[in-house]
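Lettered A, B and C in written order, each chain numbered from 1.
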Amino acid sequence: MAKTKYPTEPLKTWNRAKEIRENYYRDYAQAHEKGGIRWAGGAWSFDAIPAGLGEDVYNITSEPYAASIAFDKKFSLECLEAVERKGYARDLCSYMRNYWGSIILDKYAFGGKFPKPDFIWQDHICCSHAKWYQVVTDLEPDIPHYCIDVAVGPYPYEQLSENKLNYVVGQMHDGIDWMEKVTGRTYNDEFLIKAVNDECRATSVWAEICTLNKTIPAPLDEKSMYSLYVLGTLMKHSQIVADYYEELRDEVKDRVERGIAAVGNEQCRVMTDTQPPWGFLRVFRYLEKFGTVSVGSLYTFGLIGMWEVKEDGMWGPRTTPQQKGIEIKDRDQALRILAEWNLSKPEWQHFYSPDYKSDMMIRIAKEWKLNGVMLHYNRGCEGLTVGIAENRLALQKAGFPVMTFEGNMGDEREFDETRTMARIDAFMETLDMKKIEE
Amino acid sequence: MITAGVDCGAKNTKVVLLKDGEIVAKSIVLSGFDQRAAAEQSFAAALEMAGMSKSDVSNITATGAGMKEAQYAQDTVTEVGADAKGANFLFPSAKTIIDVGAEEGRAIKSDGKGKVIDFAVNEKCAAGAGSFTEAMARALEIRLEEMGPLSLKSQKAVPMNAQCAVFAESEVVTLIHAKTAKEDIARAVHDAIADRISSMVRRVGIEKDVALIGGVARNVGFVKSLEDNLEISFSIPEEPEYVSALGAAIVAAEHAKNK
Amino acid sequence: MIEMFQEWYDNRHEYVKNWKEKNGGKVMGYFCTYVPEEILCAADILPVRILGSHEPQDVTEPHIFGMFCPFCRDCLAQGLKGRYDYLDGIMIAQSCLHIRQAFTSWQLHIPIEYSYYMTTPHHIQSPRALPYLTGELKEFQKSIEEWTGKPITENDLDRGIETVNKNRRLMKQIYEMRKGDNPPLTGLEAMYMVVSSQMIDKEEHNRIHEETLNELQNRTLDRPAGERLMILGSEDDDTEFLSMVESLGATFVVDDHCTGSRYFWNEVTPNENRLEAIAARYINRPACPSKDWPERTRLPHMLNLAKEYGVQGAILIQQKFCDPHELDIPAIKKLFEENDIPTLFLEFDVTVPVGQFQVRVEAFLEMLREEDLF
């Protein structure tokens, strides 16, 4: 191989990430064998709360699970077609359709039958979130379903009033009572408090890792970040993930110090937006031919990572309650902290106005020193594409070249690979980037 | 110096030979099923017209969806890049370039020197402006060339859904059943395509002057609809289908100079 | 008098411009029927629902990605084209993401004096929703008072509640008449009535309503009612479609639309805490599917409507890409068919292919007629 501009090397902690993910899907499937509990819910649900039911509680988050299906194009198509046969519309959320398909076919993406959850613990962000599991309970009628509405407005862009916080926390309290009823277990606040602390730690450290990618050359590329950030979407509340992210942070720090690059010929830095078309991650490899690295996105940074503006005006990891010396004493305090923490999630703000998202994207474009932006107009996710056209206008106004491409994160029938590659060629041409390697 | 540009389009394969900034020959061949053969034929025809042989040509650059099939080309350039070069060669004042072809529509914002600042390409759902008009001409049992002049006779705008060609097609069937006048249907078809194209153009924004290129620019009915829609008049080359090939030939000359 | 509703609907912009000239009051354009009109009426503000114009357009592409519903794009297009240039303010009570974009892009690109985003609860089945919405209404009231510079008194609120309640009551009385064997009005006329109530001064609307109510006592349609149909689904003011169906000899006797019964079905039950009373009304109203979870409370409600109104067949419509409705339609279809009410599903866009839909509706009506034979 030709010598590259910067040294590269594989991540040492890569295999550990892989192992955590494998264990996760296996543990969920096998939970009942050991008398444990299984629950299902979204990647953004308050997973620290069911942790209070005991140490043998395992979950499956629906979006990452569906993304795993989408990655397997053959199985994904079976799932999507099974859903269409049941009369559901083709333009619905493609994660949801992959997930339903897996239930209808009763096939688990990791082998065997689909392991039914004991209950559903969801939160409602976009129009589809609560409805997703409403349909699940149409398909599997005996599963109890609880869902928390979090749509109380932008924060910290606007003030979080007591009224708003009380609404979310109130639903959490009711949810705990409900959970005790449906599982017959007594709730343990100690477990909850530990999970809240671990979640704050994990999500802050992930932001710290992303901050390290401001470096030129970038120590991580977005394609690898997908496999790493996903752990936070599986169980952001768990000590396993929080510990792993600390380990990873140390390694990335070391890469930065030694000048290790993710893409050896880095000469152009971009970010993307929304979930990628999971079946076509080779798009990122194609970018590398132009020496182009995607250093991340608001999606990879802000779906799991928690951020704040630091003293120097730059974006950095949000200071955790523990770092502030706050000791959580009881359930109510734990829930209030958990709610407030999650409501500040960057990836929730655009539900109220594209302006908030544009603001954060422009910040990333500047601080991460980008040459351009590639927006995935994702037909599979209305939630993350809400306002995306306005984001494009705002980025351009701020002086960043933007390319858009249509696709679908979980329905490969809606992605035109040839045309997308042709569009990338044209975009690279406008950025004056020539292919380095063929 | 002589250079060649080859545009392997979805419907036609076009070749332009350029000698010191002058077009000396051009040819057009149906792309058909075997685009590689079409690319060969088209190139050979252009050489013949100019009375030249391949060895006279210093550099050949290919563009278009099937650009890989022009195996004799040394370089490639994207359609977006070729459009901007070709259009600005003809119209240096053009800041916005609209290319409407058989399968693809493009809107390009340019600096007037052939450098692309921003661009939009139609998505899957809005593809096929040229092919769509052709299919609709068949449905109306007229020749494609008649569509434009016919629609200019229309006095009545019939709204048609612009979102999706399949939907639009079913609306045309409805209009035929409702005994709508042919010229009004022809206009409705052009209005619908113009709606989709102008939506795309508005994405990059409109800065004067505006050049309209690509084969569909020959359709006077479509041009009228699009001009009405955008409330602007276009610069249209005499032979709008050759502009990409011309752009590719210019890129070829630039490459040759840099070598 | 009933013709007045259509006249208002057709000339909505002229009406509001005249209203402003006459009354000098402020006009609030609103995007979703969860907006508490009681508070606006209490502040003497005219609430006007922003609707589309059912014309193809090419101005929203830079602002809203094409996979969002045609309705939200049509609404934004009206703003970008300056058709609502008389508005003093715009507001939304959050429900689905689609219409939210029409609102936020409007905020970004169309200069306006006042705009308000109201965070309405989605989890309306939770006991926490009532205190929460009450609190949000309080915030909203404060914001309106600051804007107009005039406090809203309890008397004002009572007046606002009564005006809107009366409007609801009158519409329900007219709907009641559609239960009979020979409904005195068509579905199209009922649609004009409800949609116009979303854009006309409520007191004026009430006056015409009262006269219409009297008029309808002695009115019969100049044709038999034919098949009794229900129409339900997304936002719908596609008068062309309704008119086409009714021209085939059938009659719409009831609906479940936010441009129909869902808009006015329940009243505010007065209570010492006015804002809480208003909040309770919006929480208890027939839900938009985006708020109807975890239970689907719409199902029994719609089935009741179908039974009470003697519905023989239901047309389920959905705006293209309208996810909340898409997520309910299979369940509705199943329920109706289990109850021997055949259904016909149609996907709506800004314009509908009337000719093609006519063929399908004719086949559907034929099927209903055949069932009559046995």
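The definition used in the following text is that a contact is a pair of C-beta atoms (placed from the backbone, for glycine too) under 8 Å apart; a residue touches a chain by one contact, two chains touch by 3 or more.
The structure displayed is predicted, hence computed values, not measured ones.
Asks: Write down the pair of chains with the top C-beta contact pair count.
Replies: A-C
Asks: Which chain, with its centre taken as the mean C-alpha position, is closest to the global C-alpha centre?
Replies: Closest to the centre of all protein C-alpha atoms: chain A.
Asks: Specify the chain most distant from subunit C by Cα centroid.
Replies: Chain B.
Asks: Can you give the whole-Å distance between the Cα centres of subunit A and subunit B?
Replies: Chain centroid spacing, subunit A to subunit B, equals 41 Å.
Asks: Take the average of all CA coordinates in subunit A, do the same for subunit C, and state the distance between these two points in whole angstrom.
Replies: Once rounded, the distance between the two centres reads 36 Å.
Asks: Hey, how far is the Cα centre of subunit B from the one of subunit C, in Å?
Replies: 45
Asks: Could you list which residues of subunit B touch at least two other chains?
Replies: Residues 123 of subunit B each touch two or more of the other chains.
Asks: Please list all residues of subunit A that touch 2 or more other chains.
Replies: Expected reply: 377.
Asks: Of all the residues in subunit C, which ones touch at least 2 other chains?
Replies: In subunit C, 61-62, 320 touch at least two other chains.
Asks: Which subunit C residues qualify as touching subunit B in the complex?
Replies: 54-62, 66, 70, 320, 349-356
Asks: Note which residues of subunit B are touching subunit A in the complex, please.
Replies: Answer in residue numbers: 65, 77-81, 115-121, 123-124.
Asks: Which of the residues in subunit A come into contact with subunit B in the complex?
Replies: 377, 396, 401-402, 404, 406, 414, 416, 418-419, 422-423, 425-426, 429-430
Asks: In the complex, go through subunit B and note every residue touching subunit C.
Replies: 123, 125, 159-163, 167, 170-171, 173-175, 177-178, 191-192, 194-196, 198-200, 202-203, 205, 229
Asks: How about subunit A: which of its residues touch subunit C in the complex?
Replies: Going through subunit A, the ones touching subunit C are 86-89, 91-93, 124, 126-128, 130-131, 133-135, 137-138, 145-149, 151-153, 161, 163-164, 166-167, 170-171, 174, 351-355, 377, 379, 382-383, 385-390, 393.
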